[in-house]
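Structure record follows, encoded as structure tokens.
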Amino acid sequence: MAGNTFGQIFRLTSFGESHGQAIGGVIDGCIPGFRLDIEAIQRQLQRRKPGQSALSTPRKEEDSLEWLSGIFEGFTLGSPIAFLIRNKDARSSDYDSLKDVFRPSHADYSYVARYGLRDYRGGGRASARETIARVVAGSIAEQILSTLGIRIVAWVSQIGPVVMPENEKLWLRDEVDQSIVRCPDLMISPVMEDYLRQLLDEGDTTGGIISCAIVGVPAGWGEPVFDKLHADLGKAMLSINAVKGFSIGSGFASVSMKGSQHNDAFESIEGRTSTITNHSGGIQGGISNGEHIRFDVAFKPVASIKKTQSTIDESGNSREISIQGRHDPCVVPRAVPIVEAMAAMVLLDHALRTQTLKLNS
Amino acid sequence: MAGNTFGQIFRLTSFGESHGQAIGGVIDGCIPGFRLDIEAIQRQLQRRKPGQSALSTPRKEEDSLEWLSGIFEGFTLGSPIAFLIRNKDARSSDYDSLKDVFRPSHADYSYVARYGLRDYRGGGRASARETIARVVAGSIAEQILSTLGIRIVAWVSQIGPVVMPENEKLWLRDEVDQSIVRCPDLMISPVMEDYLRQLLDEGDTTGGIISCAIVGVPAGWGEPVFDKLHADLGKAMLSINAVKGFSIGSGFASVSMKGSQHNDAFESIEGRTSTITNHSGGIQGGISNGEHIRFDVAFKPVASIKKTQSTIDESGNSREISIQGRHDPCVVPRAVPIVEAMAAMVLLDHALRTQTLKLNS
Amino acid sequence: MAGNTFGQIFRLTSFGESHGQAIGGVIDGCIPGFRLDIEAIQRQLQRRKPGQSALSTPRKEEDSLEWLSGIFEGFTLGSPIAFLIRNKDARSSDYDSLKDVFRPSHADYSYVARYGLRDYRGGGRASARETIARVVAGSIAEQILSTLGIRIVAWVSQIGPVVMPENEKLWLRDEVDQSIVRCPDLMISPVMEDYLRQLLDEGDTTGGIISCAIVGVPAGWGEPVFDKLHADLGKAMLSINAVKGFSIGSGFASVSMKGSQHNDAFESIEGRTSTITNHSGGIQGGISNGEHIRFDVAFKPVASIKKTQSTIDESGNSREISIQGRHDPCVVPRAVPIVEAMAAMVLLDHALRTQTLKLNS
Amino acid sequence: MAGNTFGQIFRLTSFGESHGQAIGGVIDGCIPGFRLDIEAIQRQLQRRKPGQSALSTPRKEEDSLEWLSGIFEGFTLGSPIAFLIRNKDARSSDYDSLKDVFRPSHADYSYVARYGLRDYRGGGRASARETIARVVAGSIAEQILSTLGIRIVAWVSQIGPVVMPENEKLWLRDEVDQSIVRCPDLMISPVMEDYLRQLLDEGDTTGGIISCAIVGVPAGWGEPVFDKLHADLGKAMLSINAVKGFSIGSGFASVSMKGSQHNDAFESIEGRTSTITNHSGGIQGGISNGEHIRFDVAFKPVASIKKTQSTIDESGNSREISIQGRHDPCVVPRAVPIVEAMAAMVLLDHALRTQTLKLNS
């Protein structure tokens, strides 16, 4: 109800403030007897971590996971999997001067409006550091899905005004990681990097788009009315910090198309039903149709900028601020594994929901 | 779990197939002692109804509501409010020829993949006729919200390639309803109408965008992590038939902006905290900030077209079809009250969730 | 949240006031492609119906079901199954004199305290007539469970002070129905009947115990911590009108036993693990162990009595009342199918939850 | 869904195996701005702790809480409150010999049947050590409820065959704690103690009853249909390890009473509606009526006994076992704070649900 739990069957409850004792989560509803690849989880965390390159915040977090429960001799028990990461390098004093100031386009004011108080250090619960829990749970979900041959890859397709041309290729994570901005188009990624360096110099920031493709999802996953598969994917993505938009398949571009152009004609290839085009993005009527699932996520510019800004404090007095903390010029390169994680959780959850359509003894 | 219930506290469970006995719903969690305006509900249903104009399907449904429970002497009892609308004019025979065919970009194939069977008449549960239940529940939610001074208005801002220019005006529903396409810009609406007439002649269809503004929401509504207010709005909109995209505030346009342009500076006006710009769309960190909530919803072209299409049947045989049923060239004019309804349900649900932050005796 | 929905996967949402338009329900999460036996549902409704014998209220309700959705050509679609029963013989005028009186041990006062208003006619939502929805949903659940060889039988084991001796026999419903009090011990049932006739003459009522056995449940159903199988059964039973107690297996009698007497020793018979005794009632650690599930449910005396009682009205004035409506001297004979229905819903729900422990493609 | 979360609004998710890294929990939905009394929480944990007296297991656990999130400068933030207790004195080697044995009336077999594997050390997740998380969350709930003047006290009213006579007195916790068996009747408690000492000598165990009274609950809390207040209390209690029965108010004794005896007549005292008797146990139609809430919980004998028992191992071979671990002869003295905790969680949850009946700005 207070919204810190995600999923219906495979459920993550996340906890922790940015500069509190720890960030962590509890996963309930994981299938039992599954051998976890702890390394793979840590790898996804590395991709999310600050300080990966000159273009991300230098905050040094070990981000080393401590596992508290639910795993026995390397296998999941079917009981809750609890984990945490200590907050070690939290430089809370950075935030003392911001204690009673409402930073523009941050959650400071809305938190106070809601709760009457807030942990002002590092944004508290509103910090993107909360997404650590998501990456851990998503990485577990992904491992389970991979046993069915499902593969999820996200990449950066736009940063600020720099747009990667459309490309039907299914990227590998290694290809995505070839550039520090996680755009697999090696003609474009250097331009993005240049643009970010320039913004760093200006003390400014920008937004971006992450695209995601999921292959191997069988036809028949998703609920047809309120919990449509793409509605749940949309909610998952919109719940990530700084996301302002979501589109599936042809998305906003579909608006100006005609039905006769947009409709995905069915064909039968060696007995397998498929569609010739994929404007639907792999989902029809809220249910997967066996084609690639394909969606885009729009992130706004990072709100923490060094440039001086006008704002007010809790008493309504005008204040000038310049945010000195450790912040990225653009969030999308580090958000790639978060998008993958949320997608994995949604898909596994729907996969497990699909199990309840049959009753086997 | 099977996804036919929407909301956490104010909950709608919807039921019914397009050509079955009835479409209806049960609302649980409505506040007691509220005098319902049944006329206002019927008015919103009228706006959703087929056959409103030459540009919508001529299917004649009385769409007259039957109330089954939860209301006593005009007041809500706090018990479940059940209602239904009989399916009277269901011309199921129209669908006999489509019985075993997968219509392109419909849910026919994915339903069979999921359930192993389907009610092929009129799309069954996948029909947009299901949204009647949403409009009823949303209209009740809206009435309750209006006691707090909250007002929700949606309008058509694009049809096919015809775009209404940006305008900060807060429209009234009467202004929206001045044109049959529900675009309040009277320079643009005739162009949209012309475009739709042309599509009707061609036997083709197109998509559109519905924009929505909500005024009067106090700061402090919404949950900060997974159930962010805009994430729930996004899911609500993406659960509407034919929706392919959702954006809040600056949306996809934010991507190419800089932080210094995009940030909404706070100011204090007569003791009230507000922002000078509203790129955030009224929500920061998932919680309302007291500004207008503003979002856009993208609808794809209607999939049912008269033009001949290639597809396959359940046995994988190629088939040519031309869909003769009664369908709109564009769904957005009739979807305006659906968008308003879903928005109202999300907001009321979060308003009620907000009540649980305090414990009064 | 408002508590009119039962179950996690197989979910019943019930609606309707006793003297309103209709009583009904919506079942979401039913497996698709299941051929329903409508007759069998009607049979269970008959066993719940008033007016079955001289010992139950003569209110004549056809209790004939109207199916609104979710069924196509006799098979479940996997979509919500909505149904209703009209309230035809509601003699609301019987209740006019009780309009502003708080009947002792009824919910009149607590409803007003909660909601500020109530539908006073026939108890409104607090009427046991609401259990019609439960019997319908439970009967469907039972049909599905029976495909796994699971059988649920409840019987009356006590009425007032008349106790049926312990008996390990697994009764058939036909044996239970041999007597109008639904006690299968034909030595005891006439004594119970005599006792009830005597109470009818006195204008008084009494309580009773319903016992229930479930055979064929495989080992491994149930959740180990909060949603223990017997905790969910207990909640299900305690949610039935007039229930004051629930016990599983040895129940309250276990309290004075020693561990060495009470423990159920395991043995292996032809490779099947079983226990020699069954004090556990078929559930250990919240999870079924493959033995018969066995529990008891205690019902208090019916609160509606003809005898004159003292009470107060809504203004706090003293009043003398004698309740003239149509009421049973004891509720348990008609509650037998309700106990069976709730048990079936709990079991099917847990059976479906168990499906989510594996991920099959 | 996997049943490790309790509550609808005030929600506890519990995690941890008995001999794993830690036991803990996450509380979501706690009201913000509440000053926690950490000492009071620790006090309730002390009452649950092993090793309190010669009559409880000597396992020495510090049971010192580590708080991870959700609290800032002593106040709740409204965000998830995570906490843990390390498992320090876990003598897992005690369990090596039991690794592949199904202990009678334990969850060993049913866990394997459900999950295919188990953490055999100390019962893993089935250990009553899990209830630490409940006591922590319940103690917080109790503190919040106490601001409304609500007081919850449980006591031991029976151990084995030794029964405390009925007594209408509202006990204080100090009175309950005067004896190590937590029976406040000082004539009876020494008899209970003697009985337990005798069982310790025999290597045997027994059961008991815990009674609970809650005073100060206003009329109007609870949901009328499936989530009746006493149904939720019943489920809460039945979810505690070793509980076999629950009764509210007159409970099983009501069965043989007549309606005219059992009905609780209303009276008005200085404008306050109350009942002369309280057979209803403070709840009518599932909703509190302002009287004391009063219920009983039956616990079976502890299953771990030193006496030699016959059983089988995972391969079906017969085995003789004598359980040497550290176990209590009777669980009820230490279960008193657990009953109080579960009651507090249920009540606070319903108190918060009651908040949603009104919409305030």
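Annotations
Going in written order, the chains are labelled A, B, C and D, and every chain counts its residues from 1.
Here, contacts are C-beta pairs under 8 Å (C-beta built on N, C-alpha and C of every residue); 3 or more make two chains touch, one makes a residue touch a chain.
Predicted model, so just to flag it, every value in this text is computed and none were measured.
The interface with the greater number of C-beta contacts, when C-D is set against B-C, is C-D. The pair from B-C, A-B or A-C that reproduces the interface of A-D, where over half of the contact pairs by residue number are the same, turns out to be B-C. Relative to chain A, the most remote chain by averaged C-alpha coordinates is C. The distance from the centre of chain C to the centre of chain D, each centre being the mean of the chain's C-alpha atoms, comes to 26 Å.
Centre-to-centre spacing of chain B and chain D amounts to 46 Å, using the average Cα coordinate of each chain.
With each centre defined as the average position of its C-alpha atoms, the distance from chain B to chain C rounds to 39 Å.
Among all residues of chain B, those that touch two or more other chains are 1-2, 4-5, 8-9, 14, 29, 32, 78-79, 114-115, 125, 218, 224, 353, 356-357. In the complex of the two chains, the chain D residues touching chain A come out as 1-2, 4-5, 8-9, 11, 13-17, 20-24, 26, 28-29, 32-33, 66-70, 72, 75, 77-82, 84, 114-119, 124-125. Remark: chain D residues 9, 29, 31-32, 78-79, 144, 147-149, 218, 224, 348, 351-353, 355-361 touch chain B in the complex. Across the interface of their complex, chain C is touched by residues 1-6, 8-9, 14, 102, 104-107, 109-111, 113-115, 125-126, 130, 158, 160-161, 199, 202, 204-209, 218-228, 230-232, 234-236, 238-239, 241, 244-252, 254-268, 271, 273, 275, 279-281, 283-290, 298-305, 307, 309-312, 316-318, 353-354, 356-357 of chain D.
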